[in-house]
Structure formats: structure tokens, C-alpha cells
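A, B, C, D, E and F are the chain letters, set down in written order, and residue numbers restart from 1 in every chain.
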Amino acid sequence: MYVQMKVVVKISGKFISPIDKPLVREYAKTLDQIIEEGHELFVVVGGGSIARKYIDLVNSNNFLKDLIGIEASRLNARALAYTMKHSIKRIPESIDDLLKLYSLNFRKAIISGGLQPGQSTNAVSLLIAELVGAELVVNATTVDALYDKPPSDPTAKKLLKVSYDEALRILSSTQWKQEPGRYELFDLLSLHIAKRSKIPIAIVNGSDPLNVYNAIVKGYYGSLITNELSKEL
Amino acid sequence: MYVQMKVVVKISGKFISPIDKPLVREYAKTLDQIIEEGHELFVVVGGGSIARKYIDLVNSNNFLKDLIGIEASRLNARALAYTMKHSIKRIPESIDDLLKLYSLNFRKAIISGGLQPGQSTNAVSLLIAELVGAELVVNATTVDALYDKPPSDPTAKKLLKVSYDEALRILSSTQWKQEPGRYELFDLLSLHIAKRSKIPIAIVNGSDPLNVYNAIVKGYYGSLITNELSKEL
Amino acid sequence: MYVQMKVVVKISGKFISPIDKPLVREYAKTLDQIIEEGHELFVVVGGGSIARKYIDLVNSNNFLKDLIGIEASRLNARALAYTMKHSIKRIPESIDDLLKLYSLNFRKAIISGGLQPGQSTNAVSLLIAELVGAELVVNATTVDALYDKPPSDPTAKKLLKVSYDEALRILSSTQWKQEPGRYELFDLLSLHIAKRSKIPIAIVNGSDPLNVYNAIVKGYYGSLITNELSKEL
Amino acid sequence: MYVQMKVVVKISGKFISPIDKPLVREYAKTLDQIIEEGHELFVVVGGGSIARKYIDLVNSNNFLKDLIGIEASRLNARALAYTMKHSIKRIPESIDDLLKLYSLNFRKAIISGGLQPGQSTNAVSLLIAELVGAELVVNATTVDALYDKPPSDPTAKKLLKVSYDEALRILSSTQWKQEPGRYELFDLLSLHIAKRSKIPIAIVNGSDPLNVYNAIVKGYYGSLITNELSKEL
Amino acid sequence: MYVQMKVVVKISGKFISPIDKPLVREYAKTLDQIIEEGHELFVVVGGGSIARKYIDLVNSNNFLKDLIGIEASRLNARALAYTMKHSIKRIPESIDDLLKLYSLNFRKAIISGGLQPGQSTNAVSLLIAELVGAELVVNATTVDALYDKPPSDPTAKKLLKVSYDEALRILSSTQWKQEPGRYELFDLLSLHIAKRSKIPIAIVNGSDPLNVYNAIVKGYYGSLITNELSKEL
Amino acid sequence: MYVQMKVVVKISGKFISPIDKPLVREYAKTLDQIIEEGHELFVVVGGGSIARKYIDLVNSNNFLKDLIGIEASRLNARALAYTMKHSIKRIPESIDDLLKLYSLNFRKAIISGGLQPGQSTNAVSLLIAELVGAELVVNATTVDALYDKPPSDPTAKKLLKVSYDEALRILSSTQWKQEPGRYELFDLLSLHIAKRSKIPIAIVNGSDPLNVYNAIVKGYYGSLITNELSKEL
């Protein structure tokens, strides 16, 4: 017997885009099944390469660059929402939209892209988790776990459980980058929201939707960022 | 001395996309100059290949396929609006938006993508022309003019001036295609709106923004669809 | 035992107006009963004579004439929605409204008027049918069926089943009229949407709401426009 | 030489309706001229007979009856706005709309119908006058002035200047009627808003738009409700 | 066994403010329980002292003074809605919002502050009661009942049942005050809405939420304003 | 002769609140004068003590606590906007609002409070500065300058010019606090936005509006955070 959970899934824009149509269909199927198994689901989709292309295209200030990146992430969010069966077809475009959809919705997944310049889609996933009181954020990303150094470093060690402070320390040690579409900075923001509201974040490899399913239903993950003490694998 | 005109420019999504960044910059510069020369400008941008990719990506009904195509066209519209100097940065997403922007705007270009399922961006350009009382619609497209047969046909003749009815006859003779993103049907709609409100449509080759400038400022064009008698080149 | 259907009902503005109050009350009762019998219901109401009066009244371009006609159709839609028991009291005024109401609604009828200049309320009924995946559009109109010639012609024959293409051919043969409020043109659009998404349209005489009920519950109709071969009565 | 005024004109729905097309055109011309002479203009249009017909049509609670009456008044407001040259084409439908249009508008007339159940269009005209700091409300109505008794009474005397309190006393003495569309009550509300903000109200016979023009430009009126002592004609 | 009721509760801003945190928590708990017992609940919160402070602060016309008072009442409404468990987290800010929330909501309390300049939160409670067809409005106020004279008068008698007309007479006899935030006038409006739609109003002492509970569940109240004959205690 | 500047002023909520009415009036006068001298002005107002009181009042998750704090800051923003002469009376409540007001506004100040959970009003001031291309952000705060240590430390030295990196280092060295209404964290965010878009921030003591005026017109300030090398006083 499973337990019904309230969960936010953040999916990298790399996996929800025209580049890999079968993967999008697979994600839609998996997320629909999670709903059918009784879980309450909120999904945030990143902007991926389409976002980066449009950010590079426009000749504008950084605010508008952020904004076109957000719009690109909404296009990916739409692609997922329109392909899923149990989803709200309206993508929230403001906090007000989010409050309405959240208050009025009944057993469908709410799918979001970015929300506002100055915030990564990671931060949006944590903010939504705060609003809805989610027990878990699953971050389906391009690496399989959090490492104590950049994964490209051969001496990097995978971390199974990491405290918010330790994760902050790791991220802070790398050079921050401030261009739109490069939100390492704002992942600090994500971690701070997670910490203030004690929301555990499971890092999983997003190239297979099954990893998202397993994180929710079986408690499998690459790393878990949480309040507890850090623990190497 | 030039005369100030009220003009709607429809640009194919092929020309406003990350595929050709210098062309987008060139378009922005040209349209800014048209504004600076005192003309009142409204621009509609098509969805192009990004729209077709997302339409192909989603597994949904045709309404939602149309809708994601419209969103893609708005991404292109944003790319142009954010790169231009004299533009409204808010893209209209409904008739209501359009009415507000039109009523309150003061000497900036309003940039739109698609507006509603069941209407091509060509139809949107004609509807906006009706609303604002435009004297001319310039359609910057992938062919240089209207031909009496498909341009691929070696016996096709270029038409300099074409009546609305003749243009309707030419378009009707080809097989209608009804998939989202393929709007030959809705170009019939565009022509009917043009006809009911007697709005001349200049067809120009959109691969060079100068052709748009020349259509407005010098009256040059590939074909002109208008109330007058058709005339071969 | 009946089967629950998803159905869009288009009602001519002639039948939902202050001219015939008992008929409006009768329609409200019948549509409430259809809901109570478990069907999922969407209703589109036309503008009728009130629309034509206001279109004639304003001294404006055709876009604004269309728009005031749409507003008049929304007044009729309100009259129906406010009189019904199982209805959303908010009339959708944009695609965005429609998406929200559709995604969040739970067992009430959504009532719409027109949506956008350049589209008849017939086209709106087909677009909504596409969005919601309706199995049937019932068009409650001023004639009892589709004929192979204008019904006023004494040699006109009633058609029981008509293919989309045959219906298109019949409508195309008559002179198109392009004034706002006269949407013969846009019924071509309706037929093309129906064809691209294979949505059957039942034509019934709207002067008696029972005809709408019977079309849904018993499968009775004057004509059925569908993918199958045409068939005379 | 004239002085530029900020003025709100309330026009009875009787005069802006399909019943008298030349009168609507005449009103549009007169109001455009007032704008052209440099005055800042806000117009509120009543619901008239179309409102009463729809209120009678619906079988609903009084809130929704009020609401359909308001929608009817907006149809009249649109008819005027779309016919005028110097008008915002978007009709405000909430306080928020009103604030935006008011803050962003530049030398066009804002045309409104009713705003909210429980408030007559008379009250709306006073509220708008408060917001914009109007120096005068011109109430173009079906009588030519305020009388000390109902005008049907042969002993009724016309009042040239009336204090707010005296006007309140006259209105209170008549039997209040509370059905939607019958807002004698809310005219008490109008008078209280006028009194708290000391806004003079000129009563003129609305059957001739010239009376509105003369009230603004020449200071002619039937009655003036103001802070000063009442004065019989 | 209890009977499920549809009820609007108006709570004075005095009781929902940072001044008395335990009372706000108590109100939230009581209202949640009313929902849990199966009643359909709508709550309107007044502006209280925070409203009066901001009204006094701004140097503006009365319309904007009213508006900032409304915003303050919405802050109180948020405080209650965010503390409650079974509440819509979006506060309605227009009639349109209200219609959407009302049509789409499913078993949560809708919490509102003021809605529009020129209307007290008392009037809002009656308008909402009209819209939803409430059987009862409970007015949780700073006095325990309606008296035949101002409660400060030692000869004042408490009235158990009062007719609408008698209540109107009592309120009219006192001097009307017209400043924003002082809505004795608009309570006349409230009474007229109550009378036209025959909605009984129970007056209870709001300093204890139990009085609200008892009014709904047990039929206890200080005074009841209703259609029946007035009756002294 | 002065030069017209585009400037964003952030005012601490401590200075725009009912606590000090003469100060609010003084601010309104000063900001109106800045507009009258030809500068383009955007103002962001913080939440102050009213925000902290409501955050403390609600029993909710941190997202909703942030949100009620934002609403309180908007109440302060309204107080300023309604008291000023040359201001938009509509407070932006989303990025979309901001884009519309910014694109359509003509020579009035846009006044904002907070915009979104997870972002301080400081961050909002920097985001708006990015959007509009402001040459300067003036932060009118409760200290007179940035110090190299907390100002309470007697060895703290005032910094006249500080680089973004140095300011980041100073802020990072203090313990981050993550509760809603305590945004030291998000001031890191503000600094990163400032750095990525090279926007200088002048710190001035906000207890006297003249300091804001002098920062804009005369270039006086307590500290300037900028790209240049840090410099002690």
C-alpha cells in the first residue's frame, strides 16, 4: 500500500523540448500515473536550450532577457501540460494565477514554467512547495546527484544526504555567474527557501522519468538535501 | 517630404527566430526607423519553425496544437519587441489586451503574435488593420509575390496587382490543408477580411527588411492585392 | 440506460433573447436536465437581432462592429446562464478564460457567446468542441436541416447525412457575404475545423429545446454533417 | 475664450440605444467636439430599455439581475465609444480597469456603463467625478430639471438651484423602489457622494445633446444641485 | 442532526487585525469548524483601525480614500484566509473575481474585504448573500444587538426582531456621516439590499467567535433584521 | 542646468506609513518635484512595521507570510501614490502589470510595493532598474551608509564607494536570516542583479526626503555601491 504525497517535480528544460519527443511522451505518461496513484502533483519545467537561444537572440536589458527565457520555459511547460491527461491546461503566469489555480483545482497537476525575472525555475519549484506544503521536491536534472566538487572533477564524491548548509557551502565555493539563463546564483536562493521551510529536495537523473517515479513512490534518489547531517555515499 | 501612414507589417516566423540573429537585429533597426520617420506601426510575427516543432511535439487535440503554435509566435514577437527601441514590451494575448494597448499607446509599435486558435497570423494582421484603420498591410513572406499558379510551377506568372476575388480564386484552387500550423484555409479568411474592409495587401520578400521599408515609404512591392482589376507583370 | 456524452450545443441568438421569455426558460430547464442526466455540456449562444441592431447602430470599422455583435451575444449567453441552475455564471471572454473555466470546472455547463472578431459563434462552438474533445456539436438553428439548395428553393432536398466536403461545396456555391453579423463565410471556417478534427455536427430546429435534448439523448436530428458518405432523406 | 473643464457626463440609456440612431450619432459628434475644445471628458451611459428587458428575461437573484443590467449599459457605452472619434475603445469593467485607464489615458474620453451590482449608473458618474476631481457632473436625463414634487404633479415647481440636503429630502419623500433597474434608492447614494465631495450636478434634458454642450461650455442647465441654498425658478 | 446552511458572515475589522492575534486564530478555528460541519461559508472582513489610519494618512480625494480603506480590509481578509485551513487563498478584488471563485469553488470558504468605493463591507456582505442565495447573514459587530436608539442612550431598548423598514427608520433618524470609513449611509444601502431580496441579518457581538457559531448552528442572535414584525426584548 | 535622469528610488517602509504622516506628505512633495524637474521616476516602497505585524499575525506557510508582507508594502505604496500629484494610481501587482504601465506611461511616477514571494523590495528596485535602464538606484534606508561591519560595532567604518563584490562580502559575512520580512539574504540577490547589470546604488538616510533629492540632483550620498574600487571615507 502506498501513501498519498504532495510533491513538486522540477524537470530540466533539457528533457521537455522538441529535441526528444519520445521522452516528453514518457514523462507525460509517468506523471499521469503518479496522479492516478493518488499523489498531488505540481510540476515546474525549465527553459533549456530554447530559452538560451532566445536569450542570446534579443538585444535587450537583462530583465527582458530573463523574461524571454521564462516565456520559453512556459512553452516547454505547455508542451508537457497539453500532452498529459490529468493536467490544468492553463500555465500560471503570476503569483495571482498560481493562487487561483491552487485554490480551485481538484486532482489535476498544475504545470508551471518560470515566474519572474531574478528567479530560476528551481526557485519557483521551492516557492510552490512552500505554498502547497509539499513534503518533497524532486529535482530531475542533468546530473545524477550532488557531488562535493564539480562532477567533472575526478576526485568528486557523490553525496547521499546533504544538509542545506553543506549544499550552500558547495554551491558558494564555485564562481557565481550572473547572466540570464545561468542561475547558479539563484540556486542559492532555492536552497535558502528550502532551508527556511525545511523542504527536502531529492536530486535524480532526469533523463529517465522512472527516476522521478521511484523518488516519489519508492524513496529512491541520487542525493537528498535535507535538514539532517550530510552523508557520503 | 513623406506622408505619415498607418501600416500593419506581417513578418513570417522564418525571419524572426534564433536561426538568423543578424536578420532580427536588422528588422528591429528598420522598424525603429519607420517609427522615427513618423509612421504608425503595428507588427504581427508568425510562428515559423519553432511553432511547427512544438505543434509536432504535443500529443493533443488541434485546439491546443493551435494554441502552442500561437505561443511560439509570441516568443518570436517578444524577440522582436525586446530588440526594438520604439516598441511596447507587452505582447497582446487577447482582443481585450489589443484594445487597451491600442487605445492607450502613444507613438510606439505594438508587436503581436497569433491571437486565437482557428486564425492564422495573417488573419490577425488583417484584423488589426481593420481595428486601427490601417491604409496598408505589408506581408513580408517567403515568396516575392503572388503568382497565378504555385511558384514552383515553371509556367507560373507573377501578378503585380490582383483583385481580392482573383486572389481568392487562386488560393481556393489549391488543396486546402487543415492541420494546425498550415493555414492556407485561413488565408482565405484573411482575404475576406481584407475584402470586406478594402485593405490593400502588399506582398514583399521578407528575407530583406529593406523590402518592408520600401513598400511603406516608396510604394514598392511584389504584388498588391486590392480592389482594382488584376494586372500581370 | 444512457451513455454520458461530452457535447457542445450552439443555439441561435433568435431563441435566447427577450423576444421569447418562455422559450429561454424552457431552454434553461432542458439544458439543466441534460446536465442532471450526467452529460458534460458546453453551450454557445448567438447574437440574434440584438447583435444586428447594435452592429447597425455603431458608426465604426468592421472590427468594432464584430466586437459589439460579440458583446450582444454575451448578453444572450448571460441571460441563459443566469436562468440555468447548473451553469458557470462567468461568461468566457477570451481563450484564456475558456482554458481556466474548462480546467477548473466541475459538472456545470460553460456558457459562451462569441469570442473574437472574424469568427462566428458557429466557429466558436467547433473550437470549443475541439478543446474539450466533444463527441457531438448540436446546432440549434432556424432551419430544420441542411438542404442541397437554399431551403426557399422548392426543389431543395433535405440531407440526412452529409460529408464535410459536400457541406462545404453547398455553402461555397452560395454568394459569400462579408458584413459583420452575416457569417456565411465563417461557417466555411466552422466546417473546416469540424473536418480537421472529425467532429460530427447535428443540425436541429432550435425553436423547440426538445430537439436539442433528443439529438443528445436519442440521436435524433435533421441533418448530420460527418465524415461518412452523404445520404438524402 | 473658454476655460478647460474636467467634466463627467451621465447620459440616460434612453438616448444611447438602437431606438434612435441619429441621436447616438449626434451625441458622438457633440462629445467629440467637447474634447476638441480642450475639455477632459468622462461619460457614463445608462442601461435604458435594453437593460430592463434583460432584467425581466432572466430568472435569477437580484445580484445577477443587476449584473445583466450593467452588461446592457456597457453595450450602450460601447455603441457610443465605437461611434466617437476621441474615445478609449475599452469599456472599464472594474475599479481596477478604471484606475488604469484614468492613469494612462491621454486626451481621450473614457466611456463607462454600470460598474457593480448595488450601484446605479448615476452613482458611477459621481464616483468617477470624485476619482478624477471633476468640476461638474452633467446628468442628461428624461426630465428637464429637478422639481419639488414628481413632475407629473401639476403643482410641481421647477428648482433652479437645489442644495444636496433639499434634493435628498425630495427624493426620500417618494416611495423607494428596490427592484434592479429601478434605482431611486441609489440616487440617494449618488447625492451623498456628491455631498461628501461637493460636486455640483447639472440636470439637463438629454433628448438634445446640445443641452449637454451648453451646460459645459455656457453654464446653462435645468437645475443645479450644489452646496448653495435652494432657489425656485 | 443539523441542517446544512448557506451563510455569509460579516466580521468587523476590529476583530481581525494584528491587535488581537489569539482572536484571529480563534475565528479561523471556528470558521473552519463551520465548514467541516457541512455549511457553505462566505466571509466579509471590515477594515477596522488599519483602514482608518491609512484613510487619514493619504492626502487624496474621497474615492481614493475609500479605495485605500478597501485595500486595508483586504489585508485583514488575507490574515483570516491565510490562517484558516478550508479557505480560498485568493481574495476577490472585483465582481468578476467573485463570479469566478463562486462558480468554480468546491467546499472552501471565500473570504472577501471591501469591493468598491461607495459601498461598505456591510453592503458587500449583503450583495454576496444575494449572489449565492444565502439563507442568513451574520453580522459580527461591536455591539451585541440593534437598539431603538443609539446604545449609548440609557433609555435605548434592545430589539430582538426588527423589520427592514423599522431598521431603516432607526438608522435614518441618526445624522448621516459621509466620510470614507464611516459608512452609516451605506448601511442604509445594506438594508435596502436585504429588503429587496428578503435576506435575514443576525446581529451578534463579534468579540467572541462562538456567537457566530451559535447564530449559524443554534439560531442564537442579539437581533434579527427580517421581514417579520419588530419585537422588543 | 541639470540633466534629466532615469532613477529608481527605494524607500524603507519605516518612512511611508501612518506612523509619520508629515513625512509621507514631505516625500510626496519631494518626489513630485523630482518629476517636475524632468526626471523619470520609479519608486519602490517597503513593508515596514505593518508588514511585520501581519506576517506575525498569520498562521501560515512562509510563502503566504511573504505574500501578506507584500500586500502590506502595497498599502504603503498606495499611501504614497494617492498622496502624490504626478503618480500612476494603479500599483503594479505582477510583472505583466509592470510591463504595461512601463510601456504606456507618460511622465508619471510608477509606485510599486513588493512583487513576489522570495524577493525583497530591494530586489524589486533593482529589477525595475534593469527593466527601465535606470542610471541610478537611490536606497533611502534606516542607516546613512554602508559600513564595513554592522553599524552597531564601534570600530565600523563608513564606506563612500564600494564595489559590488566588496558589498557582497560584507553582507555574506553576517549570519543570513531566512524568515519572511527579514531579507538580508535577498539583498545578496539585489547586489547580484546590480552587478550583472552594472547599476550603481546610492545609500542615503531616508528619514529626510531631501537626501533622496540631493542624491538625484546633486550626486550626494552616504555610500555608492558601484563597479569601481571601494573607498573608505
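Just so we're on the same page, a residue touches a chain if its C-beta (ideal position, glycine included) is under 8 Å from a C-beta of that chain, and two chains touch if they have at least 3 such contacts.
These numbers come from a predicted model, not from an experiment.
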| item | value |
| --- | --- |
| Between chain B and chain E, the fewest steps along chains that touch one another | 2 |
| Most distant chain from chain A, judged by the mean position of its C-alpha atoms | D |
| When chain B is superposed on chain F by its C-alpha atoms, the rotation angle in degrees, nearest 5 | 120 |
| Winner on C-beta contact pairs when A-B is weighed against B-D | A-B |
| Whole-Å separation of chain centres (CA-atom averages), chain A against chain C | 43 |
| Whole-Å gap separating chain B and chain C, where each centre is the average of the chain's CA atoms | 30 |
| CA centroid of chain C to CA centroid of chain F, Å | 54 |
| Multi-chain contact residues (two or more partners), chain D | 64, 67, 89, 96, 100, 104, 106 |
| Chain contact topology (line, ring, star, complete or other) | other |
| Listing of all chain pairs that touch each other, if any do | A-B, A-C, A-E, A-F, B-C, B-D, B-F, C-D, C-E, D-E, D-F, E-F |
| Residues of chain B that touch chain F when the two form their complex | 88-90, 100-101, 104-106, 108 |
| Of chain B, residues touching chain A in the complex | 17-18, 21, 24-25, 28, 50, 53-54, 56-60, 64-65, 67-68, 71-72, 74-75, 78-79, 82-83, 89 |
| Residues on chain F engaged by chain B in the complex (per definition of touch) | 96, 99-100, 102-104, 106 |
| Residues on chain A engaged by chain F in the complex (per definition of touch) | 61-64, 67, 93-96, 115-119, 123, 127, 130-131, 133, 176, 178-179, 185-186, 188-189, 192-193, 195-197 |
